[in-house]
């Protein structure tokens, strides 16, 4: 094996290897720490008493982080062929670049690769916002995020059903409230899309209090919508909770401590 | 078979047939799309910057949709006898016209069939509102809506129990708050029905903040009601979530430990 | 059997008998209807445009209802010995009078039996409020209320555990917020009991918006309390939902359709 | 056994013994009552019409309580070696002093042992606040608190997963809202940490109404965050509810279908 291939295999182990190896664990922990510090920097930068005096340092830290993330991306792109031995190197790398995690990695360095957009203040702010999405890079390392994803996936069908019900309920509630309240409060309930903001705040039970019905008909419709909606909007939590119990929990009965067999194990015919 | 009967059978297949047939799928998808676009039109029409400039186009689209829905209704009425071969054609059509989905279809074209009511502005608005209920037509095609309906139906008993408890708690809480707060806030807590609006907002935990107790007694009663009510009003979500797990989930009962066959397994005649 | 005993037995059947008998069903339905109308009268009476013009009619209806409820109470007191054949008539009636449902019946006629308290306006209002509690009389007839009671009883232990946790969390959160916010908002967070109102509104997620922290420390403490509290206060709903599933639901696997035995049934040794 | 050892054993039984013994039950109930009264004193002391006139009495009660709690702590420290017979007395006492409950006991007397800090008003208030944490001493006696702790512990994994998801969602939502609303409401959404307060109030569905989006983009982002967040933040309640059902409920695994014995049944040595 030529030295370059040995190096590539080593880099691949460092970046993708099991965290039981000490060197891989160290590299991966360092990247995770950098991600967390980076997001923290984006957050505190918006505090006037931090962004002002430490603005230059934070910009430097940001530049350094991007360099590291860019290096990481290129190293991953280079070494990913290790796990795709049967594919042509170019195909392997293209395919890797289109995996969700690789796209997240690209998104994480994208803000720094778009200097041409730095002209417009509003775009600049949106690009800065993108840096918070570096959080998603943590998903590569976090068993928790993957577990959450699996729970969502296993209940996709139920969640779609409920989501559909919520959307229908929201459209009906918004329309009803618009027709009931538009005359009494033409500013607040100016249109059905404006009423939809009321419907979201009500059906999720957030209830900021910036919009609420004042007519008897509106209150009646809102009461019905609230009572129906509370149940419907809280459903996903119940569904996901049962998914967690099924996936992570230990509800499956263990082997019998007396005979050592599981309840669902066949009786051995010879015994 | 005369051509008219062949045509009727074909129309019936198109409208009610399994969506695995390509022509039926196309027709049914087109109707669904039209429903969604129609409801979207009702919603965006209320935005001043849409309803104004595009009002005429939206009215034309509405007219065209009603024509399609009317045609659909008449074709369904004509072809429904295909699935009711043993009934007299008139009886079959009357019975079909009284099924929930046929009534929803009628409701969807009703606004356009009531031109005489177009005189009064308030009635006109109510009639327009009815058009949003075209959403319910989607129920015919949506497995999700049917699943939601089945989950509700399977837990009807529990939901009635909880609904009864919620109504009693609301009446008691409204009355208590009325007696506690009426003197301190005669405007807000003007009567028990007015307090009921507070009770709905509190027990569903929406809490807009337009009404809240200010006296010590009222706060104490409200605290008790809120704590009790949170549990009671959130119950339906828990009940429905377990219904979903039972119906859509994979908690199907395992094989019988005695004979080793599953409850839903056909008896093998030869064994 | 003397006629008076036959009459007593008949009255007992009418009032307590199974609602499958037509005469018992009619009497019991009439009492339930009267209860519902009575509570409705108390509620609508507080509306100025009902209590004013129809005040006299409502008072007459109230008087008539009390007469019926008083008669019902005395008939129950008289006939209850039918179900307590082995007890001395006086003991039997005293014991019956102390059952929860008999106390509720007494409470329902109590407002009318206290004419001496009609002098003070505030007491009078409190006595009127008592009339709403006639709702509880419905519990005698309602399978739903009994099912709710059983679900509560079966999870008493868990509910006490959670209730204890909620009380501790509320005291800790109220104290923390008092110490954090007292200086900034001496009016709103004037004492720990005053902060407790904030804690109730926050932990139940009602959030009226009449009290909220404004200092950084208060917001931090409130955020922790809110996140912890949401889980804790919503627990009872989850616990009760599982109680409902266990008690009313059909989650217990039925007999195996093949061999006719239940999964938990012993294998017959002889087979 | 020398008298001092007999006394130590007796003290140990009194303080730590099973509450089925009458003398142990009396001592333990007295300590619990003192804890509850103590916390109640801290709470009512902040009411101006209690703290003023009864301030001296409450201070005396506080001093007496601290004396009792100090004595209790020293007696526990002295007698704990009874349960640690195989350890050197000094090691045993050091180890005991580092158990969570012993630290809570120390925390409960700490406020009185810090007279030097009584100079600064703010510190003094914080020290007084510490006295509320005497509530945690109840945990030693309460089966309920231990059950709550076990339910948390058994679902630690799921709760960490969800907590991680909530933190990520909060950071993303706060950032999005900051970028959407900062220009329209520079005061309210002044920085991402300030937006985090909005995110907490929204995702827990408290919704005080002190901060809410007003721009279309902000409302859209808030609607998505609210709908996602409601499910995610309500998840812990569902998870804990299933933990309660597993731990306290009667869902114990049935007998093994192979050998017919229950998992918690002792192996009979003779069979």
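To keep things simple, chains are lettered A, B, C and D as they appear, and every chain counts its residues starting from 1.
In this text, a contact is a pair of C-beta atoms (placed from the backbone, for glycine too) under 8 Å apart; a residue touches a chain by one contact, two chains touch by 3 or more.
Everything numeric in this text was worked out from a predicted model, so none of it was measured.
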item	value
Fraction-based call for subunit D against subunit C, same above half, different below	different
Pair with more cross-chain C-beta pairs in contact, given A-C and A-D	A-D
Angle of the C-alpha superposing rotation, subunit A to subunit B, to the nearest 5 degrees	90
Centre distance in Å when subunit A and subunit D are each reduced to the mean of their C-alpha atoms	31
CA centroid of subunit A to CA centroid of subunit C, Å	43
Residues of subunit B engaged with two or more neighbouring chains	201, 205-209, 233-234, 237-238, 241-242, 257
Overall pattern in which the protein chains touch one another (line/ring/star/complete/other)	complete
Touching residues (chain side subunit C, partner subunit B) in the complex	39, 42-44, 46-48, 125-126, 128-129, 132-133, 135-136, 138, 142, 144-145, 147-148, 166, 196-197, 200-201, 204-210, 233-234, 236-238, 240-242, 244-245, 248-249, 251, 253-254, 256-259, 261, 263, 265, 267
Interface residues, subunit A side, partner subunit B - complex	155, 157-158, 160-162, 164-165, 168, 171-172, 174-176, 178-179, 190-193, 201-202, 205-209, 212, 219, 222-223, 226-227, 230-232, 234-235, 237-239, 241-242, 246, 264
Subunit D contact footprint on subunit B (complex, rising order)	205-209, 238, 241, 257
